[in-house]
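Worksheet: one structure, shown below.
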Amino acid sequence: MSTTHLLIELVLMPLVAFVVGLAMLLMLRKIGARLQRRVGPPLLQPLFDVIKLYSKRTQVSHGLLHEAGIVVAVGAYVAIETLVPVPGMNGIAEKGGLILLSYLMMVPSLGLALGVGQCANPNGSIGLSRAMTAMLAYDIPFMLVVFGVAWQFQTTNLVELVAVQQAGGIATWGIVENPLLAIAGLFGLQAMLGKQPFEIYVAPAEIATGPMVEMGGKFLGGLFVMQSFQFYTAGVLYTTMFLGGGENWFTFLIKIFVVVAIPLSVAFMFPRYRTEDMVRLVWKWPVILALLGLVVAVQ
Amino acid sequence: MNGEVGRPISRLLADVDGARCERKGDRRVRIDATPENLPAVLELLKGRAGYLHLSAITCIDWMDDGEFELIYHLWSYEDRNLVSAHIRIPREPGVYLSVYDLFEPAGFFERDIHEMYGVFFEGSPDQEKFILTEWNGPPPMRKDFDAEGWVQGTFQWEDYRPEWLQEIEEKGGGIAIKPEQARANTRKIRGWKQ
Amino acid sequence: MNDFPLPVRAERSNPLARVFDELIDFCRARSMFMLHYCTGCGAIELPPAMTSRFDMERLGIQPMVTPRQADILLITGYVSIKTLKRVILTYEQMGSPKYVIGICSCTVNGGMYWQSYATAKKLNEYLPVDVYIAGCMPRPEAVIEGLRKLMGEIKAGRANSWERYFREYDRYLAAQQNLFGPNWQTPTDIIGEARDYQLYGPGTEGRHTELLQQHQVPLQPLRMTLHSDVEKSS
Amino acid sequence: MRPENYQAQSHPPSHEYELNFGPNHPGIEGNYALQVRLHGDTVVSAHADGGYLHRGFEKLMEGRLWIQNIALVPRICVPDPVPMEVCYSLAIEDISGLQVPERAKWLRVLQLELSRIAAHLFYFGGHAATTGMYSPSFWGVADRDLILDRFEELSGGRVYHIFNIPGGVRRDIPEGFLGRVSALLDYLEARLPEYDDLLFRNQVFVRRSKGVGVIDQQQALAWGVTGPNLRATGLGFDVRRDDPYLIYNQLDFEIPTEDSGCCWARTLVRRSELQQSIRICRQVIAALPDIGGPVRAPIPNPLAWNVPVGESYTRVESSKGELAYYVLSTGGEKPYRVHVRGPSAMHAVQVLEKMVTGGRLEDVAQIMFSLDACPPEVDR
Amino acid sequence: MSSDIDYKDAGSILAPLKNLRFFAREPVTEPLGPRPAAENYRGFHVNDWELCIGCSTCQKVCDNAAISMIHIPGLPNDPVKGVRDHRPAIDYGRCCWCGLCVDICPTGSISLTREYVHTCTEPELDSYFVLPDPNGMHKTHFPKGWSKTEQNDLLDHDRQPMAEMAPEARIGDFAEIVAGYTDQQALLEASRCVQCGMCHDACPTQMHAPDYIRAIWQGNVELAVEEIYRTNPFAHVCGRVCTHKCEDACSIGRRGTPVAIRWLKRYAMDALAPAKVKKIAAKGKSRKKSGRKIAIVGAGPAGMTAAFDLIKQGHAVTVFEALDQAGGMTRYGIPYYRLPSESLQRDIDIIVSLGVEMRYRTRVGVDVSMAELEQEYDAVVLALGLQLGRSTRIPGSDHVQVRAAVDLLRRIAAGESLAVPDKVVVIGGGNVAMDIARTLARLQKQQHGVVGMTVCALEDFAHFLADPEEVRESGEEGIEIIDARGPRHCVVNDDGTLGGLCTWKVLSIFDEQHRFAPKFDESDERIHEAGMVVESIGQMTDTGLLGDELTEALEWNRGRMKVDAFGRTSLPWLWAAGDCVNGPDVVHAVADGHRVATSINEYLTQEVAA
């Protein structure tokens, strides 16, 4: 693979991720609208929002870390996007692997923590502590699932993972081979995306949207971008691990949208748990499922 | 049962000097008490007749008499009867006893009356301002506070100059009677033509 | 009223820049975040306007929780003096460009509380207002029509009243001081921002900003108290 | 002002900080503020701060004619305006001995109950939103809007009906109105199972609200809690039945109660009340065609109307609790004093402060909404 | 009862997911754009300018102070009809759309529409101040929303019924027919007033009717009398027999019966003890004597009003009256059952008690000449009245049993006994015709036991001159009124006695130029049998007393003295007032008295200054 080719892929992959992510943001709002019996936003709404936020005249910054935090968060996701294989583009996925990815996926939250910490808004700080707690909660089942998948397919290389699954057709997909892990993964996905019932750190009625409280203009725009990356990444990762990745762009897009649509639909049906309830729940059922799945995988 | 309610109360109050009791309606009894015996009356009502619920305390400013009237509305869940105990206290200095130790809801009402009328309740837990924290004027509900005058002196009104009005003014017309002139408070019926 | 008439968006000569400006105005119009603040009774018609029946999100309008995130401030009816202070603080914290919508009669000329000692009468004395919506209270459809009017104004580059707050700050401050007393101050440095945005005009500073500077107390940063601190101080 | 043996409160040996809930905060109902002192996630003390919606109604009313005040009163509680109008009208009728025609009484009950349903639908959405679920508020507000449509048809106004005036109501019902209300009630009843699935049978919601913000019956009585909040502690007191007004003593309805006094119980009580209100509305719809006659007693020319000397303490059951008006007339063309006792005056200040204290940060908003405290009633 | 969801029910984690079925359901969202509002909707105002009379009642009921009355030149402005060129303008920065203005509007002109969208930017804020017209706020048609119906009408359209004697009881008797209001009735009637002031504008003497009505409503009769005496010293009289132009203008009368302004005045006057009235009347009387002397010829309402004003201004006033008692036509022209002389006397007594010098039985021109008056007094007022009856001059009208109505009335009032034949015909359709017919009918009843009275009026009932209530009451008393009959000749029997009156049917009274030129249908001829024919077709002034010299010196206008706006004749010292200038009407005469008094006072004070 030529360097130019790689460079093009490295640029293209985050771009695609951004576009698809925006579409997922739209899907989130459309799903909500449908379940709430209304029409919902126009198609380009997420794009309008982001452009508008970046074009605000006032950009209130609370200091260097505030700005750096967002950069770290978005930057981490840009890096992540180059590590997940999509049809026709592997980027540097072969050199990364599941373990690196798992680590990288914590960075945006930490970056956010960095930025929010400087805002000195108590609501932000509470939200942050909740976000960290939530991360602590969902990381355990998530890591178990990652291990399980790696054991199942005897590889941590995402490209290989995809290749193995595609080679055998649907029968070799993770979801068929090890449904327990897939269900645990779905739980983890719900928590990772921070959607109800695990939406503990945004919580407008409790802590005025928590970490976002002091974010305006480009900072909020950054968070929007980050969220779209997050949806995309979650969808792609799950698809890669359990749904055999993308054979072509068509099936790939269908798969990731369906995967993301599940937690988003569920989100509109539930309130949020209290923090300790969430931790208890997430450490209980998904962990049990993931452990069982691990046992299955080991056997 | 309804007709019976009045009598026990009057029997109850027989020992209290100067408290008169009068039935006003199906479930309404009025008691005229004095500032001295009101705590005793309330205590009797709560302790012996089951008037547990202090529905409200109303304050009325009788400026011309130089008095405040305080009305304690009590409800009994058992008798299903409402008793309004009226007392009058001098407007100056406007101090009375709190009944917070008998009825906790009194805390709010006394605080409210304190900021709206300037009546001070001795023993009330909190008489800080609540609603009017940003208000520096006199207690506004007093009859001698002319709210409308204050408003007229403080605020300006929108001076509309729509095109139709300008046209009419060119023709010699214009606003004949301003709304303020027609108000019930200030209306001068004299001199229609002027 | 308009001592300093606001220019419509200045047309730039570069056609690309012009397209860019128009694109941005278009996006601003199509994506309005509304501050979720119920200042008065007209707010009761906002939930219907936001929710399924009238669905503001069709127009790209969604409620936002904090002033930092919001673009439009809806003043839904009367503002009591106590609320007005918070409204001004909120307005100053919102990011420019920002738009104020005055809903109901009360924001125009006092409404039915015109004799009340507790409410402010004319909103546009204290804040620049972009669009008014008549009604007591206006129906959700009227609110949405008002928002569409605002969208039209933004698209046409006319909704620039926020600039007036910087250009004529002295006038607004005068009304605020008249109502809140000479000690009135807000944490936002409007004059500095005006300079920063190149919106410093002849009316930015004046008698009343001088008074403000005399009284200005440096703001204390927010502090979380530790138990030990309390003990030391007491 | 403080007792002499006052001592400074000792601070617990840990981090404590203050958090402002409101006035601009999604967790606050309306324009209201709560300063909460927190220790970790636990509320150490709470301090209510009102007055953001203060308009000085009681002062305004003293300066306006009896009839002019009917435009003013519904504004005291925006989500549930009908009880305000009715209570004010009842007080004046009581003082001046106006005999309200039978038909007007039934029409008032219909309005009161529709308004209660609307307020409760609003409430469910609000309560759910404080726990992070927004769909019920989208549904609830949209369904409430259908009730507002009927109100618009009846009175010409969606929210401020200004339809009840001393002596009766301003107009008779339009043609076919009862049929449309009946269809609406059918619709709402059909919707209820869907609400049950979404909200009332939602395990997460039950878990969030059960056992939170508990108040027992003794405390409730001592703190002056009324309405559904009191009934959620097991005391079946309802002004409609125990201090009846209009024609409530001719109607067949039940007073739902719960025993535990927590947020969940309060919501359940309101849910049952909604069913009872539908039941009352059906009775009114069935009875109304047989009740003829005028809808308003003749009242004097409003510009020259002296209500005779007298006083009245009139109470009605609003969706939030015991609403009372004290009206005093000295025989003039304006009231000498009107005192509004909004139920929320108790709930949103003293009760809320006490209930929040010791609770959790995430429950502050939920407790406030579950009390259905309406700030404009407090501020007036 | 506990709800059908048990408290112990922990719910289900799957139940909420059932609602995923809403993916398959259509949204309930309404299409963008305003929906049509409900039929009763309270939206922006419209005002039918044709119906609106500018009474400003809407403004008074609006305590949001949202309504301003705008004076619009060019619109009809006729105080007598009760129309002002004012229209309400509404400040939507104040309005709360309660619709009270609609409910109270006396004409029903104002209503609310189903239009509810108005938005504007800050520079366009003037659009919040709106002058509602029939076209709507944005000149687009919207159907009416909340508008006037019988149910939401807040005004009381029905007058308090006035107790009257039954026709059977009153016909044989001269007792006053109308009983007057009780306290309660007066209060209720007074409460109907909306204080629009139309009556004030319509009244010739501009009585402050809204003020005294309000005072009556407040139970303050003394204040009411005080308000009445500001403009009318003939209140006892006007409270009974005024032509009440005010009630024609009354805005309540637009859709109901007007407020009984006249009866309320009567109530106030009767309710207060005469001593108190005297005290009120004397209020404001100048302590200083000006030393000027004024002569007033004629003690009718005009003359006595002028005397009242002038004496209060400190001048010395002498009234010359040819007859025995003061009152003029109010005493000698109006029958007792409508105006008892005691009531009149109370008015006269009050004026006289202020110090007016009365010279009864002094006929100017006979007992004292005008020239003498000119010399002795600084100013002279001629308040001669109309006491000569006009004649139809038809054939036979010179018969001895063809009499003039005013003449007969005067005689009856003076107490002369009169033999009335059992059949009488009255020619004329005015109030005087009704008076004489009803008076004579009473005498017939007393003398013959039956009423045989016919009134032949030139006008048809649609254009009748007499008050409708007079016509009604006459009918009740058994008087036959035949409209549109023109008298042709009086039938004189061969024995020289009067046989009756021959009339023709009237086709039209005026020609195209609105000149008096009656046309008759000669085929429709009727003979009304009568032993007496009374002519009541108008009165004239007896100007003979002026003397030839003065008559020459004065300027005349169609047989009446030419006067300026203040009643001053072409001679500087001579004023004329009352019926002799204006035609017959009490309240006009009172107004005239005031005008003249003002003019004289000005003249005299100017003279002093000069």
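By written order: A, B, C, D and E. Residues from 1 in each chain.
Convention: a residue touches a chain if its C-beta (ideal position, glycine included) is under 8 Å from a C-beta of that chain, and two chains touch if they have at least 3 such contacts.
All values derive from a computational prediction rather than experimental measurement.
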{"item": "If a chain touches chain A and chain E alike, it appears here", "value": "C, D"}
{"item": "Set of chains adjacent to chain A and to chain C", "value": "D, E"}
{"item": "Most central chain, Cα average position", "value": "D"}
{"item": "Remotest chain, chain C as reference, centres from CA atoms", "value": "E"}
{"item": "Far-end chain from chain B, centres as C-alpha averages", "value": "A"}
{"item": "Between the pairs A-D and B-C, the one where more C-beta pairs touch", "value": "A-D"}
{"item": "Chain centre separation in whole Å, for chain D relative to chain B (CA means)", "value": "22"}
{"item": "Mean-CA-position distance for chain E and chain C (Å)", "value": "59"}
{"item": "Intercentroid distance (Cα basis), chain E paired with chain B, Å", "value": "46"}
{"item": "Whole-Å gap separating chain D and chain E, where each centre is the average of the chain's CA atoms", "value": "53"}
{"item": "Where chain B touches two or more other chains at once, by residue number", "value": "132-134, 140, 147-148, 158, 184"}
{"item": "Shared-contact residues (touching 2 or more other chains) in chain E", "value": "16, 19, 27-29, 37, 60, 62-66, 91, 93-94, 96-97, 125, 128, 195, 214"}
{"item": "Sites on chain C at which at least two other chains make contact", "value": "51-53, 55, 58, 65-67, 82, 108-110, 112, 114-118, 136, 139, 224"}
{"item": "In contact (per the touch rule at the top): chain pairs", "value": "A-C, A-D, A-E, B-C, B-D, B-E, C-D, C-E, D-E"}
{"item": "Residue ranges of chain C in contact with chain E within the complex", "value": "1-2, 52-55, 58, 105, 108-112, 114-115, 124, 128-136, 138-139, 141-142, 144-146, 149, 153, 158, 161"}
{"item": "Residues on chain C engaged by chain D in the complex (per definition of touch)", "value": "35-41, 43-45, 47-48, 50-53, 65-67, 78, 80, 82-83, 86, 90, 112-113, 115-119, 136-137, 139, 224-227, 230-231, 234"}
{"item": "Chain B partner contacts - residues on chain C that touch it in the complex", "value": "81-82, 85, 108-110, 114-118, 120-122, 125, 178-181"}
{"item": "Partner chain C, residues of chain D touching it in the complex", "value": "8, 11-17, 23-26, 30-31, 51-56, 59-60, 63, 71-72, 75, 78-79, 122, 125, 137-139, 141-142, 144-145, 148, 158-160, 376, 379"}
{"item": "Chain B - residues contacting chain D, complex", "value": "25, 27-28, 52-56, 58-61, 71, 73, 75, 77, 80, 82, 84, 103-105, 107-108, 112, 116, 127, 130-134, 140-141, 147-148, 184-185"}
